[in-house]
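Heads up, the next two complexes both have chain A, just with different partners, chain B and then chain C.
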Partner chain A sequence: MEHSHTARVSIGAKPRSRWSLTRKLVPYAYLSPTILLLIVLSLIPIATVFVYSLLDNVIITRNPPSFIGLGNYVEIFFDNHFRQALTNTLVFSGVSVLAHLLLGLSFALLLNSKLIGAVPKALFRVIYILPWVFTASIIAILWRLLLNPNGVVNFLLITLGLANDQIEWLSSRQLALPAVTFINIWSGYPFYMVSFLAGLQGISDDLYEAGKIDGANSGQLFRYITLPQLKPIIISLAMLDFIWTTHQFTLIWMTTGGGPTRTTEMLSTFTYKLAFSSNEFAQASATAMIILAISMFVAVFYVRNQRLAND
Partner chain B sequence: MTKATTHSAGKGIATSLTVVGLVLGALFAGLPVLWLFAASFKSNTRIFAYPPQLIDDSFSLAAYSTVLTNPEQLRYFFNSYLVSILVTLFTLLVGILAGYSFSRYDFRFKNLLNLIIIGVQSVPPITLMIPYFGLIVTLGLYNSYWALILTYMVFTLPYAIIMMTGYFNTLPRELDEAVMIDGGSSFTILWRVLVPISLPGIVSVGVYTFMLAWNEFLFALTLTKTNDMRTVPIGIQLLMGQHSFEWNQMMAMSVLGSLPVLLLFLLFQRYFIAGMSAGSIKG
Partner chain C sequence: MNKKLVGILLLVVALLVSGGNLMAQDDIVLEFSQWWEPELPAGEFRALMDEFEAQNPGIKVELISGPYSATRDLIVAGAATGTMSDVVGLDGAWVNDFVKQGSLASLTQLMSDAAFDDSELAAQIQLGGATYMIPVVNFVYPVFVNLDLLNAAGIETAPSTRSEFAAAAAALTNAENNVSGWVLPLSMEQPNGIQNDVMSWVWASGGSMLANGQPNLVGNADVISAVEFIKGMYDAGVIAPGAFSLREQDKVEEFTNGRVGMMISSLAHINLIRERNPELNFAISALPAADGYEGPRGLPYASWGIGVAQNSEHQAEAWKLVAFLMSAETNSRLSSIANAFPGNVKSTPDFVQTDELFAAAFDVFLNGYLANEFTGLPVAEQLMREFNEPFQLYLDGEMELEEFLTIAQEAWLGNFE
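Right after this comes the complex of A and B.
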């Protein structure tokens, strides 16, 4: 067995040009399933959406498609519902990212504290990660149970004297957007917490020792050592999370469906309804391209930040 | 009062503040989950009883037995397991081959391909959804397992490739050379040497991939049609759509639907956390 391998290698080495051509193809051979999948299921589809977005009458129509250039984009841009979905998405994502950062960092600092024993720490860590174990559709129905007008959240608020009446969290025009944002904050902070914990454990104790010798208090140690050391993680987490939150569909779809009266409509639910409820595939393609553009805009900064961090 | 005692008093205050913070955080994180479990054991008429009780006298396993004896709902679980396990296996297979290529070879288009793979991670699922619908119908895969497996891989594969490339990069090239000298092919290097050493990395990628597949909602909603092809997340939505809300059943199904991820998490906590945090730290 071993011998035959050796023989094949030495025979193959003789006709030098053919050998080197084969060698050149080897990396592509290993990558061929990946390349095939990427071409068929991402590059071609993205090209397709782009073309759709420039047409009128695509997929489910009686008339043949016609080229209308940027017509769909112009129409979408002057559509108030689209602009509301865009604003909602930016508010929902911006507030979520900020709250995730604050909660994730606070919990990571608490869990990293030297004042607590290892066993309670491990226990708290498991509890803190719990929200992350649940999938978005389960989180959606769990919070529909908790935030139900007759539910336990209202009971607690009324008992504590913080509310007078049962609050319709998810069906109130004023409260629905804050409520879904809160649910998203609850479900998303563990990702940050875990990354910050890993980051905190990577900061050398020497830095803190040196700081203490220079007479720094714990606030100063945090500001001048912890925060700068975590900065690359903070930036990449915030960008990744912003991209993912602008894609959030399930949570909205299963809590409010974008309502009441579009107050929680996001770009994702707006696009989905345009395509699969109204059959306006051309316009939906235009909004889909806009979401893609927003994501790619942030992703470019993400990649640049990663390159800087790795060099 | 000496300096030492103020110091230890300060430490005592700091410790109690930390404990209070930890407990408050644990209530924020844990109470909703506790309520989910509690509700799954109640009878449906007692879900919104006033005043609410964590455990009341309607405590029973009835909701679980209803879910577990309903063939339609069992089918959701079967579908979810099948699709998630196959996605994990295929993703690992394809991802390991690609990661090996990126780690050990230099070739034209390497940077471009790498950039595309990172970029695909940020493509919104809803953007792909519109062409996928037509594409999957054209390929004759509509309402089939393959429709889900292939489309899920678009999102699981980039992460697997990036992670496996990073992992292989940490393994010394001397290993490869030793196998080469013994007459092994590049394939032998990969399967006999690199893969066995990389098992921890493979486990964390596998666990993360399984979770992504288990949680997927949008593609499952749009690319399947009949109840016998639906997965757990969609099954939960279907329970909600019926005329009355069977809250206890939905909660029981949620508990059962979260068990695989919860178990994977408890079993492979270290790998899980490594996989989760590596994405943001290393990129």
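Right after this comes the complex of A and C.
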């Protein structure tokens, strides 16, 4: 009897432990494609770039790489061109994010208004969202044509008597940065608009009705109901947009190339020129790591905000 | 049944694999990375390779073709990882960097091993006494003149001196009709305007921006007179507006649309201009020289160059392909289909006999010499950018000539160390 009992245990124990191990591994098996992709597409490249940033003589050089620690970071930090690129990037990104917020919210409020009929609303939705449909290269080509000294914008300004001479929008050291910032604002606001519109449609009418019963005017309704309800969306969008805008390369490269005389130089174009024009891949890696650090700094706030929103 | 099927499949796979190996053992496959094939009429370049293969049994050519910039990135990646294609298409601006890295083979050695007579080669790009690139075909940059605008301005012949050019540019400029005399592209994205549209004035008068292979901008009378000449035209308002963000394609577009009277551009653009604006009446002439200069005129050019990878296991076979492309007959055919001038002095492209404009350009080519001092310099594109930045400030009146040249020279010297 005892023997048979032992036998039953020994027969049953082995499959159970194997099953238990399999059960533990199943979630990892499901995750493995994602983990593999993350390692191959993110971790290995980031680690490689980080290692390059600590070396001298990488990629285009006959000399073997040598470890110089933070030498590249120090050199980059004291480079006037880098500081100019950093300042330009912060101005370009800050103004873009702010304008995106204001424009996106304004258009979303307009489209959410009950004063506009269904057909015009649908029409305006299509018109307002158009800039978002174009890729960055198309936007760059389009605006290069529009802002050409012989282009449509100058033609209209001169015809309307708002300008006497042709304005060199993208060639002027005073106007180039505002011009590319404007183009970026134009191309980016629809994403905010769509997101805010979804947020506005999710706010319960009960809140507004309660506010009206309490005697709130439209300004107070906006300030005390609409804005607080949209706050999580505003913070999330602003942070994501700031990260995306600091990475903007195609638009700048295809409109001004960072010129004239570095007045529109961004961290992205600065890094590209270091790598592919000067063949300074180690310094370019250091700049790339600095951009990553800035993005990570903002990303941490984004994740924290998301966690607080979920709690 | 299933086992039989699996067995047959395994057998087929084994045969295919071994067959592939057998083929690989029989033929040497040369990889040839270049941006030329997409720029030539479909199938023409492959046909040349087929001819090479027929002449050299046992050697196959695998073309790896892409746009210019993608090809450069591919070659950079290949140079970094030691996987560069056996034969590579090169721009003169890249050579120095690849030679520094040791990724290009010495063609001098390969020519010597193959007992090749290099007297027919129009040019060789050398560093440290060894050849690393041979220009296969050349695209020269003469002056394009809009004849209708020129005649309307009361000028009968294309300018041949700087004074005549400045006078013609002033006469052509008509602000009311949005017409400018000359177009100068100085975009920071594509800084080759410094090479083609600025330094070309120096070379056209027999000058140089270098001394003993080192930057020589400060106090260089040739450079000073050229940049002062351009500044004079900029101040006179005869240069098309928006110069600081214009690229080479914008320049061609402005000329094609009749908004610019004169431009310095590649011969490769003749067909493009004719396609876009068949009505445009234009001519080609040599780049004007400084007043009183009688010597030979340097003619700016860009090349489709060729080189052999140091990491290639088949350098002798790779050289055979280079020699084939540089032979008088093949080079004539390639230059004919590319609308370019040959890299072999004994080659004559077909279009010289059939096209008046190309014939005129060929005369300009034969009477001058090819001049592009950026070819073979370290980080050539970066040198152009580093010159462009203070040059823009100088043109805008924000910087004095001496300061501009000093800043540019110091920046250049940093790359020559």
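Everything that follows uses one rule, which is that the second predicted complex is superposed on the first by the 297 of 311 C-alpha atoms of A that agree within 3 Å, B and C clash if a C-alpha of one lies under 4 Å from a C-alpha of the other, contacts with A are read in each partner's own complex, and residues count from 1 in each chain.
Keep in mind that, in the parts below, a residue touches a chain if its C-beta (ideal position, glycine included) is under 8 Å from a C-beta of that chain, and two chains touch if they have at least 3 such contacts.
Predicted, not measured: the structure shown is a model, and the values here were computed from it.
In the superposition on chain A, contact of A:R262 is made with chain C only, not with chain B. In the superposed pair of complexes, A:M254 makes contact with chain B and with chain C alike. With both complexes placed on chain A, chain A has more residues touched by B than by the other of chain B and chain C.
Using the contact criterion defined above for the overlaid structures, shared-chain residue A:N279 touches chain C, although it does not reach chain B. Residue contacts after overlaying the shared chain place A:L170 against chain C, while chain B stays out of touching range.
Applying the stated contact rule after C-alpha superposition, one finds that A:N148 touches each of chain B and chain C. Counting contacts as defined above, chain A residues 59, 148, 150, 253-254, 276 meet chain B in one complex and chain C in the other.
By the touch criterion stated above, chain C contacts chain A in their complex at residues 73, 76, 79-80, 97-98, 100-102, 178, 186-190, 240-246, 259, 379, 381-382, 385, 388-390, 392-393, 396, 415. Those residues of chain B lying in contact with chain A across their complex are 11, 14-15, 18-19, 21-22, 25-26, 28-30, 32-33, 35-36, 39, 47-48, 50-52, 93-95, 97-98, 100-102, 105-107, 110, 113, 115-135, 150-151, 153-154, 157, 161, 182-186, 188, 214-215, 217-218, 222, 232-234, 236-237, 240, 247, 250-251, 254, 257-258, 261-262, 265-266, 269, 273-274, 276-277, 279-283. Of all residues in chain A, those touching chain B in their complex are 2-3, 5-6, 9, 24, 26-28, 30-31, 33-35, 37-38, 40-46, 48-49, 52, 59, 106-107, 110-111, 113, 115-116, 120, 124, 126-131, 133-138, 141-143, 145-146, 148, 150-152, 155, 186, 190-191, 194-195, 197-199, 233, 236-237, 240, 243, 246-247, 249-250, 253-254, 267-268, 271-272, 275-276, 281, 284-285, 288-289, 291-292, 295-296, 298-299, 302-303, 306, 309-310. The touching residues of chain A, when paired with chain C in their complex, are 59-62, 144, 148-150, 166, 168, 170-173, 176, 253-262, 273, 276-279.
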